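Letters A, B and C mark the chains as written, and numbering starts fresh at 1 in each.
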Amino acid sequence: MAELSAIPPKTEDRPSALREFWYYFSENRGAVMGLWVFAAFVFCAAFAPLLAPYDPTEQFREHILQPPAWQEGGSWAFPLGTDPLGRDMLSRLIMGSRYSFFVGIVVVCVAVTGGVIIGLLSGFAPKWIDTMIMRVMDIILSFPSLLLALVLVAILGPSLTNAMIAIAIVFQPHYVRLTRASVLSERQKDYVTSARVAGASKARLMFKTVLPNCLAPIIVQAALSFSTAILDAAALGFLGMGAQPPTPEWGTMLAEAREFILRAWWVVTFPGLAILVTVLAINLMGDGLRDALDPKLKRS
Amino acid sequence: MSLLDIRNLTVEFATASGKFRAVDGVDLSVDKGELMAIVGESGSGKSVSMLALMGLLPWTATITADQLSFEGIDLTKISARDRRKIIGKDIAMIFQEPMSSLNPCFTVGFQIKEALRIHLGLNRKERHERAIELFDQVGIPAPESRLNTFPHQMSGGMNQRVMIAMAIACKPKLLIADEPTTALDVTIQAQILDLLLRLRDEQGMGLVLITHDMGVVAETAERVQVQYAGQKVEEQPVKDLFRTPRHPYTVALLNALPERATSKLLPTIPGVVPGQFDRPKGCLFSPRCQYADDLCRSLPPTPHSAEFGKARCHYVEKIIAGELA
Amino acid sequence: MTAPIVQASALARFYTVKGGLLSKPATVKALSGVDFDLQPGKTLAIVGESGCGKSTLARVVTMIEEPTSGSLTIDGVDITPSKWAQMRETVQIVFQDPYGSLNPRQRIGQILQEPLIINRPDMSAADREARAREMIDLVGLRPEHYDRYPHMFSGGQRQRIAIARALMLNPKVLVLDEPVSALDVSIQSQILNLLVELQERLNLAYLFISHDLSVVKHFADDVIVMYLGRAVEKAPKEMLFAAPRHPYSKALLSTTPRADPEAKKDRIKLEGELPSPMNIPKGCAFAQRCWLATEECRTAPPDLSGDTHQVACLHPLD
């Protein structure tokens, strides 16, 4: 039996999982750009109070609707201009990134946790429970997501927290379906059978054996729905059902500025651009993640 | 002039960690009506070299060859369009998994008629008649009604017959069979191998049989080449190969077969086939070879003459003479 | 003669398959009425083509599936699903595909320790690790492999790991479900040798499922040939390979390719294919492909008869 040890194993030279991941990820240039923008976004959110030149709610009465610095009438004191109440746009946008980031994180965490647990249960449960769970999820999926979120917020009352809860509930079914699908395919594999032959309990099979092998598609989906969550929260804010003024949430800022669209383009354009760039960056990054994590798309 | 002539074929894949050489300087020639077997373990590049010939490799692959000619036409020199006219019509290929080689959405009749329409441009009635004729030729019972069945309604053996019918639809001059019976049971395997041999005799086509199964080689092939880690290490007529294998790898491989065992413990080849990260500098078999010395580990050997089975080994003559034990 | 470690009598396993909207549910008789005894330290091989029920038999003996009828006795205990948990330590299994049978997210150490964590909760972590390291050595792997993930290993090494995991609980019976058919010839011989050595050292009983007759001829002590869920022939290896008595066994032996181009070939070419297991013919299942079949064969399935060399055929070969 010693014959195998005659040859020194050379597996050390094989690239580590992380390096291989980075190789595939970095092949997608859009994804790398997305990653940098996202990093800047996270940085803004983390150090917002230090980066913002002013308090986002402080009103400079003498500078109402001042245009951005490079336009006639603007000044470098307010690089991106001020809003109708004389608040500094730049400071509000920087602080707004905090809310957006917060919304994304909370919504994704709640939706993933709930969705994964329900998905695992329905993948392992007897057929009738599985059917019941899946029909409930189908019902949730059959509503337009924003409409359902609106209804939920209308019931719970308009606030940022309630908007996040509503969005999380709307997102849940995607994770349930995704988890269940990968559980069903993983369950067939021999390593699960051998865990059963070793006597593993249902709970152990679900969480220790199967779950870690289902995570890759869930991570990709989580990255992509981070951006959708930001978008939906902004939409709810715009409709007056999310964060309430004077919170400098991007969607709420858009709603407040609606009547000035023709007179002062900057009050609508900058929050809109902020949403666009963030969502685009996260989506690009998510695509890169999928290329790197999904073995089916990998080149031979 | 041989039907297919490949000289010094090399295929490299670009991967996450540099280039991987899957096929390394392989030569192959097949005559009309000849059955050539390529035998080797997984990772020996036996399928990749044929996929390279067919132009079926992904874009990450770089193919180089001194010569790649079919009936005297150099395939590397002609346009992609001219190439496609030859491949699929004059050269056909069948694969290991008959179930996944057929489209599950369409009836087998539709699929074979589609192939006939594209390559031969027959009209509807001619296609139907030719399809029945082909099914009959490959031994599918009740061909007329079988045309309307879907792949999942038939067994693996029947699907492989359909694949063969599609492959021979254009009367190819060369048929490449990549592990055609590996997914099938032995009684069905015997039927399919017989069918391939019969078709070769009837149509006079060249046949390249890629397999890992020494038993299949022994029972069907005429000439055999053994591949190891992307290189051709030996080539001999089948009887000579099994009687007097030349390369130490072939010797060890044949000895490791359970049916040649003399005791309960089998002779083994230690270690594994080298992969991308542990490719030896000299002879690729040297880490597993009982005769290997410093020369083998530093200098790659070149093939010997046909008398010594074209073996890629520094010490073939000495091993045969029994000077190395 | 010692007492058999596994005894099966009239073991059967049927599946109900729901038909489409209009068709009735059908019954698939994957395994119908198989008997065998397995002695400690011996190897019983189950041979047959796909769909003959050999893998179902493996799953029933490993207590992954409950038999529909018949009785199974392991180590003197009559097995019912309530006994499964306590008997897990006695019977373990090694699967065919070494790539699917190891959890890709667990290190080798964790994979090997898992059976102990589940079945010996009072064992200390240090003892578990010591046992796992001992097992790594026993199956011919190296100590540094302990902390690696399965994807860093070749097929043969993975199969060694799968064998090590199966042995962690000191089982008395190992079910080997095509353990070498996914491996290359040069690796196959390494694994077969390992299994032979382990059997001698640990006095294991093997239930060896295979379709490869040359491996069975080399490895087994007794052989059962199965066709469509039934045993058609049961004999010690030497007797079966010297003179098969069932026409199917004879055909199977003659069509197995031999690595000797100069051997004379007198293949018996079987016509047709396996009937669907949903629709097994009434009489002998092999009758429609058999060249010796008579009217009598098509009426009732014959039972195994004979002493040491048993055959289920009305017209056995001599």
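Some points to look at:
Here is the rule we use: contacts are C-beta pairs under 8 Å (C-beta built on N, C-alpha and C of every residue); 3 or more make two chains touch, one makes a residue touch a chain.
Nothing here was measured: the structure is a model prediction, and the numbers come from that model.
Looking at which of B-C and A-C shares more C-beta pairs in contact, the answer is the pair B-C. Of all chains, the one whose CA centroid is most distant from that of subunit C is A. Per-chain CA centroids place subunit A at a distance of 49 Å from subunit C. With centres taken as mean Cα positions, subunit C sits 31 Å from subunit B. Residues of subunit C in contact with two or more other chains: 157, 190, 193, 197.
In subunit A, the positions touching at least two other chains are 3-4, 11, 14.
Contacts with at least two other chains are made by residues 268, 270, 272 of subunit B. The touching residues of subunit A, counted against subunit B in their complex, run 3-4, 6-7, 10-11, 13-15, 19-20, 23-24, 299-300.
By the touch criterion stated above, subunit C contacts subunit B in their complex at residues 49-50, 154-157, 184-190, 192-193, 196-197, 211, 213-215, 217-219, 251-252, 255-263, 265, 267, 269-270, 273-274.
Residue ranges on subunit B touching subunit A, taken from their complex, read 13, 15-17, 58, 60, 268, 270-272, 277-278, 287-288. Interface residues of subunit A facing subunit C in the complex, by the touch rule stated above, are 1-5, 9, 11, 14, 189-191, 193-201, 204, 209, 212-213. Across the interface of their complex, subunit C is touched by residues 41-42, 155, 157-158, 185-191, 194, 212-219, 238-239, 242-243, 252-254, 256-261, 264-270, 272-273, 275 of subunit B.
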